[in-house]
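Shared between the two complexes below is chain A, which has chain B as its partner in the first and chain C in the second.
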Partner chain A sequence: MNRLSPRRIGLALAAPVLALLVAFVITSLVLTLFGDPVLEVWKTILHVPKPRQTVQIVNAATVFYLSAVAVAVGFRMNLFNIGVDGQYRVGVFAAAVFAGQAWLPGVFNVLVAIVVAMVAAGLWAGIAAYLKVRRGVSEVISTIMLNAIATGVVSWLFAKVAQRSEGSNITETKTIPESSQLEGLKLIPGATNRVFTLVVLAVIVGVLYWFVLGKTRFGFDLRATGRSETAAVASGVNVPRMVMTAMVASGALAGLVGMPQLFGQDHNYGTTIQSGLGFAGIGIALLGRNNPIGIAVASLLWAFLDIQSNALQIGVGVAQEIVFIIQGVILFAVVIAYELIRRTDIRLEQQRVARELAAQRHSTAATEGAPA
Partner chain B sequence: MVVVHGPGGAVASDPGRVRLPHHGPAVPDPRARYARPCAEPPAPTRARTRSVAITASPPLTQTTASGTPAVELEGITKRFPGVVANKDVTFSVRRGTVHAIVGENGAGKSTLMKILYGVQRPDEGTIKVDGNVVNLHSPSDAIAAGIGMVFQHFMLADNFSVLENVVLGAEKLHGIGDAARHEIQRISDTYKLGIDPDALVGDLGVGARQRIEILKVLYRGARTLILDEPTAVLVPQEVDELFGQLADLKDEGVTVLFISHKLDEVLKVADSITVIRRGTTIDTVDPSTVNARQLAELMVGSELPSPTTEESTVTDRVLLRVEDLVLGGGGGGRPVLDGISLTIHAGEVLGIAGVEGNGQAELVEVIMGMREPTSGRVFLGDRDISDWGTRDIREAGVGYIPEDRHRHGLLLEAPLWENRILGHQTEKPNVKGQLIDAASAKADTERIVKEYDVRTPSIFVTAGSLSGGNQQKLIIGREMSHSPKVLVAAHPTRGVDVGAQASIWDHIRAARREGLAVLLISADLEELIGLSDTIRVILRGQLSGDFDPDQVTAEDLGAAMTGAGEKEQTR
Partner chain C sequence: MRHTMKVAAVVSVAALTLAACGDSGSDKPSSSGSSSSSSSSKKSDIKVGMAYDVGGRGDQSFNDSAAAGLDKAKSELGVQIKEAAAVNGENEAAREERLQQLIDAGYTHVVAVGFAYAASVGKAAKDNPDVHFAIVDDASPDSKGANVDQITFAENEGSFLVGAAAALKSKAGHIGFVGGVNVPLIKKFEAGYIAGAKAVNPNIKVDSQYLTQPPDFGGFGDPAKGKTAAEGMYQGGADIVYHAAGGSGGGVFTAAKAAGKLAIGVDSDQALTAPADVRPVIMTSMIKKVDVAVYDFIKSAADGKELTGNNVYDLKAGGVDYATTGGQVDDIKTKLDDYKQQIIDGKIKVPTTP
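Right after this comes the complex of A and B.
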């Protein structure tokens, strides 16, 4: 008797595979319907990426991964942190401003700036946590609204600190000193560009996520709260404190989302900041079933679709936004499939337990009577 | 299918006695030829002939002829994985009567009603409506068969008028305009409900809302109403009003199934009472021949166990002391707990009897630190734990067997070994420092499974896939494994089969011998009398004096529990 029965593994893999197939079929239908070259589109998207693109995929996946883990921490205790987008924005802005000051030399500047980002984003998430614990405001509503407010607040502060580089219309914060810029790692042979140094951060976060949630008392309490709040209360978990901690932790992780790009590529906070990362994180966490490895695979898939579709417009003349349709359908399909599989799993398990117990009874010639 | 028997229509010279289905047509009845084509269901062997039921009874005033029974249930059995919610339920309801179904919470009333309303399908047995076998797959099937349900919690939109609420979802019947208004007015007049179709529901009181719910069901063509605990939300005057209403409904030939555990009310309003216990019909009795005590006895099990002549192990060392505990009701109502004081010594089992909803659940939650009392103190030994959190209280040696194991005792989707950690996340063998010690926890779960006879293929299956009895044995094993000083056990054997029940009792007795103090909350008098050293009854948030389990009868307790009859205090 083991935890990882073939049935379990089969069921776990069935959903994503099924979702991908469904997405493939539906996207093909949409393309056909509008007279786009279906075959060409798939050829473009599914071709083997060149080394340069592989680096881009890994880099994009790094960012997605951090965002998805931030979301997953909330998910594990039934908290829906829709606000990763705003928290990330607050975090990266704070870190950019701090690092730009160059108060600390080289790598220390990077490390402390990362902490600054986590604190800023964590505090921002703390607003939603406070409202939920003290006032019973749903975190879904408050984090969505805080996203909008974050955009406003950051723009306003940005206008105060930003400078315009000469001869251009681009405004940005003070560029971080060269000693604090991370050059990147040459991981992919044959690529001229480099993988973000802070891919390391994603790995550390993944390992910590697995360890803290799976192996510690705190993680047990958090998961117990997510599975059944009433049972958690009865078992002695201080649920309000748990909500507070989990939400702030989720926000602090969201603060990390912008770090690889800030130190590895942009070197300042400007108007070109990527938005929508938080929402991608929600989808990726769902697809990866809040599992550290699952999220990694899902992040790579997401990044793969994103990067590979870049060539669509030029190569095939199809808007690369088709990839949103693919991603959207994958999500829908996977959410439905997971729920179906969860129910099937519960039913199968009950049947299996009943069957095995019946078999045991037969072999031991039961003597007990039927229930009254 | 709707046959209205006018009040004067077919009044038969009924001898007046409510015939119990399993008594058979012993008395030649002039109507017997055509009255019950199906004769009698085979007498269920387990139905005992109650002496109370065959005592001579004064004639009842029958208002309608009893033709084919409005509803007949035969051998209804419903199993959930591992649990039998209903077993061989058999009774029939005569048309134009109020038929009460009584039983403790958890006795299987609600499952039964869900079956009758098409929400659940029975695994075995047949339902006949007006003599025809029906297959109810959904509530709409039930409504089509003329069965309607009025839920305990009203489903009305406050910002809609009565008319809008009634037609909502039934727009096809009479439209949403004047035709519907006339129909509502007609129903209201016929059954004397006194409802104005254009009133705003938000402006109406609870009693009126309940009448709207009844009207909604009648509007949809129901001739048999199921009322689920209808008086739970009403004040006494409204209860009287409702009973008047039910009489009017009856006069118009409507059949009412009245679910309740309030015995005095049932006796007042019902023409016939079916008692359900542990998922099965115990008996159907005539209210004029029983009193509240006898009914309580039937409801909770009257066979008093031969008192376990175990020696008293009560010591003089106080382990749990509750002083003048008060828990205010929401919105300035009467307090939920009203000055509760109790003391439990090492080796003592204090049993608390009471009808559900009289404060026992809240008492447990206050003791466990899950709820803040308004005033009063709780002491563990000589330490004041009133302000402690649940975790501190559990760490200090208070074991907890919750009333609702699914909500409070288990993580249903987690494996057994994680459930073994639950509630003891800070204690050995579950943890090492801040880390979960999965290996030790698993090993200890194996031990519990063996020692407490938890029937499971492995400790990696989810808790939800075990039967209720095995889930409960796991919980008891878990709580006992931390050698508690005090055990708070709420309904420890509810929904558990007899085998598991006996073993749970044995475990509690064994722990008591070793000096455990137990607060036992139960609705099962058999259990209370068999296990307790002292019994007290909780009624409306107040505790009665002590009863000696060696001398007390189920009747005494039943009376004290329902507030029927004088309170005997043998202090």
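Right after this comes the complex of A and C.
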């Protein structure tokens, strides 16, 4: 069966569209139930974003994309890395402390700090990988635990290096030198704010993800292990080594999640840093079906909903947490829809084969039965 | 593979649900932020936009205190108001956007409640020189500007008084402190509380616990966590627990009631604002008069004298105090007022870090 047949494409698109529709209906019901202005809410969420908000959407999507790809690398191998959130915090903290020291000038500081983040987050994920390979501990359990431990460890280290300016109640690490702060790109005309320079990072990661997983021997082994471990072993794949590599790679990518904001916005690690990015990544990877383009679309959708909802409280008087309902329903609906469509696909395939077989039998029967 | 996907879906939906639960107050969609129209008889051309911290209006504590000041300004000065609350775990861009949206909607005075807004207020103030800002709990260079009123409080001084009250009232010689999030601001409460308790009884035992570590600010809106922490302290022998944990304080009161012990409220006079069934256990509250500061900012604007610079609300200025509602501290009132006078006179210097 050709992967790109019209039927396949139609079915692949049907699931997300269906999920969006279901989310739309359920959210509308919830809004009606609480007596909120349904029409106004949708108008606000679906309005055309201002240039300033478009920049914010692109920036938020950049961060979501990195997080989702980190999760997706694990998914492709049937590894469920819930620890992206913890790995992200370990990575961004390490990078912030390193870059704050200003040991290197300008861009070198940025590049090496990115490597530091990847190494720190990768090592943190390595703990879960080691536990799985050597002790058979489920990575689901160990990464959840490691998230909590990451919070504790980072807070403890943070308390040692944190400083606070006079009169402020915010503590933060040393601010990175101005020469290493990335001003951003003027991609959106008419916007006063700028797109994170490290949007480049997301593009590079996306291309590498597509290439390594789709076009290399390593990627094949990884996907094979994900589909069937026994088959992979039989074809000579060293499964424990693959688990180790995939988990550490997933962690290293998680280390990148905090980089665009660190160098483009916050310039230090402080008490007001964004949390929960790793969990958003899980949902987005699901929605994007682990496909580099799919994840990009899903990230943009997530970012769009997040940013557009900022206007809800002020414009309509509805809590912007309504977006969590929309996002949650989309996720549930999309998983159910994928399953339904998988079954439909199988049924259609069976019917096609049955039809062809019947036709074949009919034609052979016809030739056999023909009078000589 | 498919199994993993299902587990993944459940986990990420659960995460979203938790995120939605994390910030109480604003998850009552029908009630929040709906007070846009001004029905007052008096009209003012001042439009006040209020950006709350996590928890928003309805946290019965810090945000509600700010809301009280806003409500007073609305009814007495006839200003138009608009409210919006922060979402737990949001990033800097989201805070900037909230302020900018208020400005875009034509609000001439913007009040940012909470130190998390420091950088975003500084930026918005620079970008919008015609708009006036107030920020609560920050006096850093980040938010400094000719059009910014930096409101700070001497929480350590108010906490000193309730610490002294706790030590005077404690029979066990053992009290507790529950902090919402482990940040310098809340440590200021803890420092004053301990200093006040030790001033009365140098041998007193004080348990301290923080509910969450930054960047998780959920500790300001999680009553279950507050309850667990307070239960542990009461079981360990403490008989009075002071909380500086915003919305989580409700759990501290529930625990106090269940244990038959006492608790001390924070920010608002919680013997008036907490649910009726737990009010009797609230011995006193450390009142942080955010409402007065917010009202001052709007009133001055209405009088044509915009407040700028750092305005410190300490004991001397009446910015912090202890509450006497319920009459449980009436017998020690003279002693507390004596401490109060000593602090005002500078005879007692209250530390800001524990």
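We take it that the second predicted complex is superposed on the first by the 347 of 372 C-alpha atoms of A that agree within 3 Å, B and C clash if a C-alpha of one lies under 4 Å from a C-alpha of the other, contacts with A are read in each partner's own complex, and residues count from 1 in each chain.
Following the convention adopted for this analysis, contacts are C-beta pairs under 8 Å (C-beta built on N, C-alpha and C of every residue); 3 or more make two chains touch, one makes a residue touch a chain.
Nothing here was measured: the structure is a model prediction, and the numbers come from that model.
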item	value
Which of chain B and chain C A:35 touches, first, second, both or neither	second
Greater residue coverage of chain A in the superposed arrangement, chain B or chain C	C
Partner chain(s) touched by A:101 [first = chain B, second = chain C, both, neither]	neither
Touched partner set for A:238, first chain B, second chain C, both or neither	first
A:354 touches, of chain B and chain C: first, second, both or neither?	first
Touched partner set for A:291, first chain B, second chain C, both or neither	neither
First (chain B), second (chain C), both or neither touched by A:227	both
Residues of chain A at both interfaces, chain B in one complex, chain C in the other	227
Complex interface listing, chain B residues touching chain A	81-82, 84, 87, 278, 280, 368, 370, 389-395, 400, 402, 407-415, 418, 421-426, 431, 434-436, 438, 455-458, 460-462, 464-466, 497-499
Parts of chain A lying in touch with chain B, wherever the complex brings them together	1-3, 215-221, 223-224, 227-228, 230-231, 233-238, 346, 349-350, 352-354, 356-357, 360, 368-372
Residues of chain C touching chain A in the complex	1-2, 4-9, 11-13, 15-17, 19-20, 23, 26-30, 32-34, 36, 49, 82-85, 87-94, 97-98, 100-102, 105, 115-116, 118-119, 127, 137-142, 150, 152, 182-185, 213-216, 310
Footprint of chain C on chain A - complex, ascending	31, 34-36, 52-53, 56, 59-60, 71, 75, 78, 80, 82, 89, 140, 151-152, 155, 158, 164-171, 192, 226-227, 261, 265-266, 271-276, 279-280, 282-283, 285-286, 306-307, 310-311, 313-315, 317-322, 324-325, 327-328, 331-332, 334-335, 338-339, 342
